[in-house]
Amino acid sequence: MSKAKGRDVASSTPGFVLVGAALGLIFLLLPLVGLIRRVAWRGLLGNLVEGPASEALRLSLVTSVIATCFVVLLGLPLAWVLARIAFKGRSLVRALVMLPMVLPPVVGGVALLGAYGKSNGLLGSTLYNLFGLQLTFSPLGVIVAEAFVALPFFVMAVESGLRSIEPKFEESAAVMGLSSTKRFSRVTLRLLAPALLAGTAVAWARALGEFGATITFAGNIEGRTQTTPLAVYLLLESDPEAAYALSFVLLVVCVGVLVTMRDRWMGRRS
Amino acid sequence: MTLQLDGRITRGEFAIDVALSIGNEVLGITGPNGVGKTSILRVVAGLTSLSAGSLELSGVILDSPTQDIFVKPEYRNVGMMFQDHSLLPFRTAEENIVFALRARGVRVRVRVRDARAIAANQLEAAGIGQYRGLLPHQLSGGQSQRVCLTRALVGSPSVVLLDEPLSALDELARPLVRTNLRAALQRLDGPKIIVSHDSADIDALCDRVIAL
Amino acid sequence: MKRLVGVLMVGICTMGTVAPAAAASPQKGEVTVSAAASLTDSFTALAKAFRAANPKVKVRLNFGSSSTLVAQIQAGAPSDVIAAADLASVERLVASGNVVAAPRVFARNSLSIAVKPGNPEKVKSIKDLARLKTIAMCGKAAPCGVYASSALSRAGVVVEESNITRGVDAKATLGAVVTGDADAAIVYKTDVIAAGKSIHAVEIAASSNVKAAYGIASIRGSKNGSLAKAFVDFVLSEQGWRILKGFGFQKP
């Protein structure tokens, strides 16, 4: 399928739109350039491989990946129910699920304390008294905080993906003879793959960058709960070079993920 | 095999009463848009249910609201071609046919190798063998429609339902496809329903016609 | 000429006497004060009193960890006054050229331990901190973090780094005990007093405790130089000291 250039109504763009887009791009890219300029290239590896920076990187990587797995496990069924089952109060439930997205992260952390805090959390005190399990100030708490803020992003992407799947594919598969479980795994999941990938990527990026909820709920313990964003914040005063180096790593990771995802944000189209 | 449909199909505020009895023949259904032709096909396939009455195939009740019986589409052994082609976008033309063969063959395991051979043959026979390695978005409307058609007829379905099977084909391709399709339908036993606007299609393909 | 009149006015105002409206016009404008987090309540009160004496002045308070504030000022933050929880922070600003004069001590503070109300872990002294699961302290580079480490080493107590959660400033550190699950926090005495019933205070013996000297200075190159000086003088005045004393600070 070829695209006729230039003269089509659909492919002409008003000038002011192009200007706006350019401004938007500059607005976003300038700080990134500014950050890259501050990185001390010579000592980069040294800064990252030793000390609090390397601890923070390792912790961030491990917790964000586990948190993302958690998010996918819980988010997929949630997105399914929101997309496919019409029940009373569905829009309210959907709004509640999206709440952590608009909540200031520190407030999210306070909310997590209210639920899972050892001292007077709704569930937390029970968990501690019965099983001796303390989520706060532990890597598990970091995972909980990261999953909490990342879940809505995943659900949003996947729910939208589910809604955009035309019924005809699953119907056709049913008529062909596939049971509902087989339809789900062989047709629906495949069609959902772009949205699943995009949702997972954005959830992971969110988990990786989380600060406010993590520091409030899981605290800031070097090696145990001091994730990369927290380390950057503290290092900015004591060791700015390490801080910039860490920030650069986060930047590279995010860009890497986004570049791999490039076409699939919008779903696979010809 | 006889398909007996005698009931009411309700779609929102719209309801249609249908009484059909189809043997080993091709029935054409024609009529204006929106009158319910596709709904009839969907009821026979099991994608929608009757609101009253019953649907039977050779004495076996597939759908009966009063008796609380409803056989799911995956158990009805229907070969259906949808109006808006539903080829799986992530599989090639050949793989789509293989998919259908293996889906149907859940009860009788069809090996991938066998399925591929059958798929390739069928596509050849339908005159579109050269497209078998292409993905749906690489095919033109007419080509993907012919693949859909081939897919609907593969694997010995008990009932064949075709919704506007030749609508995307240009005038040049139609006569050939009509002939092939007529022959393929003759080879299959069982009730077959074709919904179409095109009177030439109906004349060439159907033994009987109903106008809604 | 205007400046001389301004200075005279400041002099009159800070002496606590209010001249008849016709003779003395109070300061006007805006002054931005960067103050350590432990000064939150006291400086809010100081700003209020300063405003009462100079109704046309707006005092903008910027609280944070002293080390963060120093970094901000060095990066060009438009602040007029720095009030830090130690002298070293202000001296760093002198070294970087952001402050001209040496810092002046306007108050002293010492450390205290805060635990949950009812003292469930039965903390009696700083030595008990070694057996607790999680202790909140300020960042290693922040003044209160430095003081806390110093107090611990003077008491001969070793706390594993893996048991220390570091708060972004003194208030957040205290918050880890008040709202969070930390077993104890090492913060300033003034913070502990301010927290009232929401925590239980455990004293640190004078032999291990530190005497924190809080320093204040105006920042060079600020557009509100005279106002800055006025505010600094106010903090250093009798009236200023009375307010600080009310919050538990010790004499400079």
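Letters A, B and C mark the chains as written, and numbering starts fresh at 1 in each.
The working rule: a residue touches a chain if its C-beta (ideal position, glycine included) is under 8 Å from a C-beta of that chain, and two chains touch if they have at least 3 such contacts.
Not measured: the values here are computed from a predicted model.
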Minus chain A, touching groups are B | C
Note, CA centroid farthest from chain C's centroid sits on chain B
Separation of the C-alpha centres, chain A versus chain C, in whole Å, is 38
Between the Cα centroids of chain A and chain B the separation in whole angstrom comes to 44
Chain-centre distance (mean CA atoms) for chain B and chain C, in whole Å, is 80
Touching two or more other chains in chain B are residues none
In the complex, chain A touches chain B at residues 166, 168-169, 171-179, 182, 186-187, 190-191, 193, 268-270
Note: in the complex, chain C contacts chain A through residues 65, 67-68, 70-71, 116, 133-134, 136, 139-142, 161-168, 172, 176, 179-182
Contacts from chain A onto chain C in the complex sit at residues 110, 113, 117-119, 134, 136-137, 215-217, 219-226, 233-234, 236-238
The residues of chain B that touch chain A in their complex are 45-47, 72-80, 82, 84, 86, 88-90, 99-100, 103-104, 106, 137-138
